[in-house]
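The structure under discussion appears below in the form of C-alpha cells.
Order of writing sets the chain letters: A, B, C and D. Residues in each chain are counted from 1.
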C-alpha cells in the first residue's frame, strides 16, 4: 500500500466513527440496532474500492478490539465480537470488499450517468446489504438458536433504511467519481 | 442597502472575538483590513447570519439577521476564504444551477440563468469542468458566479485574491470594480482596495480606524509595525 | 548544495505541466514566481521526489531523486502551501518529535532536539499547544521547525505568506533571512524575495526568466500584463 | 471522544504504561458485558467516573468531551426501557456509560504517539508472520484519531456554506463535498507524510 492508500483507509475508518455518533435505534425484538454505520462499508466500497475499503473496516475493528467506544451508542471492546452483532461486523469487511469489486468492474468513467448510478446501487445492494446480511444473520441465528428464516424475517426492519443508505452511497459514489475520481486507481 | 451594527458583539467559548460594534455601512465599495485574528471574518459573518451576535443586533436592509434570518440572508452573498468549501456539486454548471433549484424555477429558466451568469463572467467554457480541478482564479470566478446567480444585493468576499497571481488579482479587481452590486471585501492584498469608498481597520476585535483607503491603510501599517 | 535538473519534464494525464528543464541551482536564496498553473509547485516537488519526472532526471547533492529517493529526500525539507496539512500529530512538540522517531534516536535525544529547535525559533511556549489552534504565523513557524529538526540542507517553502497579515509576513521574511540553510521560496508575495540571490520566472511550464530579483520581477510583471 | 487530546499531568493514570491502560480497558469492556447485575454495574460506573475525574481534567471539560456519546447512550437505554425493561435499561446505561468514561480516561492520559507505539508493539507478532506492517497500521491509527475532529469541523464549515448560499442543509448534499474535500486533504497529508520521511521503506 502506498502512503496515500494508508491515509484513505484511515479516513474511511474515521468516517465510520463519525457515522457512529448518530444515535442508533434499538428495537425490542432483535438485539441488533438500526445504525447509520451500515452506510460506511457501502461508501468505502463505492469510493475507494475493494482492497482499501475492506482495510478501512478492518482498521475500525482493530479500534473496537482495543476497547475504544467507536461503534454506535458508544460500544466497543472484545465483548462485542462475542455479541449478537459480531456477524455484521465481519459482514462490513467482506461487504465493503464485494461492493468495491463490483463497482471497480462495472462502473466506468465516461459512462452515462444513469448507468454509473445503477452500477453503484447494485454494488452497494449486493455488497453492503446481501453479503453483509448473510454474515450477520448466520451468526445471529447461531447465537440465538433460532432458525435462519426466523431471524431473516425479523431483520426485514433494516431493509428500508439500508436501501436508502445504498441509494445515498450510489449518489455519493457517482458524485465523487465525477468530481474527484479515486475508484480505479487501484490499491 | 444599509447594514447596521448596533452594539453587536461575538464571543467564542467565552473569549471575545468582537467587542461591541456600532456602525452603519451604506457605501458601494467597503474594504476591511487588520491583523490575523483581529475579527474581520467574524464581523463579515455577522452580516449574513452565519455567526450570531452574542449581544446587540445586526440588520441588513432593515431585516434583523437573527429574527428574519432567511430573508436577511437572501440579501447577501458570501464568498468564503477558501471558496472550494462552498462548491457543493462536482461540476461547475451543476453547482450554479443547484443554488436556483429551491426557488421554484422551472428547468428552462434555471438553465437560462446559469448560462447567463457564466456568460457574464466570461467562463462559459468552464461550465462542464470539475470544480475541484479549476485553477485558483477560475475557482474564484466560479464561486462569485454561483453566489450572484441568486441575485443578492450585497456581495461579501473574504480574502478573494489569497492564492492568486498578478494577472488573476487584476482580473478579480476588474471584476469587482464592474459589479453593479454593493461589495464588501476583506483583504490582506492592499492594492485591491484602491478606489474603495471606505475602509475599516480592525485590531484585537475592535474597529481601530474607519477612513478612505490611503488613510486607513496607513493606520493598518502603523498597527502592524508595533 | 547543488540541485541539478537535466531535461526534467512532467506530464499529468498526458498534459505537460513542465517542459524539459535543464538548470543548476546552487545559490543560498532562490525565489520562484509565475502565474497560477505555470509549474512552480511541480518544479519544487521534483526536487524532493514528491513528483517523479516523466522524462529526464533531477539530482540533489549528486543523489538521483528517483533512484536514491530516500537519501535525496533527506537532504530537503518542504513546507506546503497549506502547512496545517503537514502537521500530522495534534500537539506541536509531538509533531516535531514524530519526525525524529524513525531515525533510531533514543527518547532523550528526541526530546532534546525538539526542545532545541523550538528554542531556536523562539516558540518554546507553543510546545504543548494544539496545532490546529495556532494562528497563521505560528503555524508557519511550527511547520518550519518541524521540518528543519531533521536537518535538511535545503528548505523549500511553497507560498509561505499567503494567508498572513503584514506583521506575520515580516516575521516570516526575517525568519527566512536568518536561516543558515539554503532556501527556495515560491511566492506571489513579491517583496518577500527582496535580497534573494536568484529568482526564476515560470510561464506555461517553461523557465521564462532567470535573474536577480528586480529584473526577474520586471519580467514577471510583463508576462502578467499580457 | 477520539479527539486525541491528552491533558498534562502526573496522576496515576498518566504514569501507568499505555499497555496497562489498554489491558484495563480491554478487560473492563469484556467484564461489563458479562453481567447485568446493577449491584456490580452501578459501582463500576461510579468508579469509572471517579477515575476519569482523577485525571485532573476538570468537570466542565470532562463533560464537554463525553456529552455527545453519553447522549447516544441515553437514547439506547431509553429504547431498552420501552422495549425490554427498566432494569435492563439501567444496566445498559451503566455498562455503556462506564465504558465511555473509562475510554475517555485513557485517551485523556495517553498521547497519540504513545498510542501508536503500543499498537505497533501489539501487532509485532503479526508482522513476524508477514500479515501486516505494524508501523503502517500504527500510522493509520494515529491518522484516524487526527481525522475525526477534522471531519466534524469540515462538516460545520460546509453546512455554513449551504446556509450562506441560501440552501437547505441536507445530509446528502453535504456528504459529497464533505467527502471530496476531505479526500483532497488526504492527498496532501499523504504527500506530507512522504515529504517528512515518516515511512521507512
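Methods note: a residue touches a chain if its C-beta (ideal position, glycine included) is under 8 Å from a C-beta of that chain, and two chains touch if they have at least 3 such contacts.
Fair warning: this is a prediction, and the values are worked out from it, not measured in the lab.
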Per-chain CA centroid nearest to the all-protein CA mean: D
Centre distance in Å when chain B and chain D are each reduced to the mean of their C-alpha atoms: 37
Rounded Å distance between chain A and chain B, as computed from the means of their C-alpha atoms: 40
Approximate Å spacing (C-alpha centroids) for the pair chain B, chain C: 31
Multi-partner residues of chain A (each touching 2 or more other chains): 175-176, 179-180
Contacts with 2+ other chains: residues of chain B: 89-90, 132
Shared interface positions of chain D, touching two or more other chains: 143, 176, 180, 184, 189, 191, 193-194, 199
Pairwise chain contacts, counting only pairs that touch as defined: A-B, A-D, B-C, B-D, C-D
Chain B to chain D touching residues, read off their complex: 48-50, 70, 73-74, 77-78, 80, 84-90, 98-99, 102, 132, 146-147, 150
Footprint of chain C on chain B - complex, ascending: 34-38, 81, 135-137, 159, 162-168, 170, 188, 220-221, 224-225
Touch list for chain A against partner chain D, complex: 1-4, 6-11, 13-15, 17-18, 21, 23-29, 33, 43, 47, 59, 62-63, 66-70, 72-80, 82-83, 168, 171-172, 175-176, 179-180, 182
Interface residues, chain A side, partner chain B - complex: 175-176, 178-180
Sites on chain D touched by chain B in the complex: 157-158, 160-168, 173, 176-177, 180-181, 184
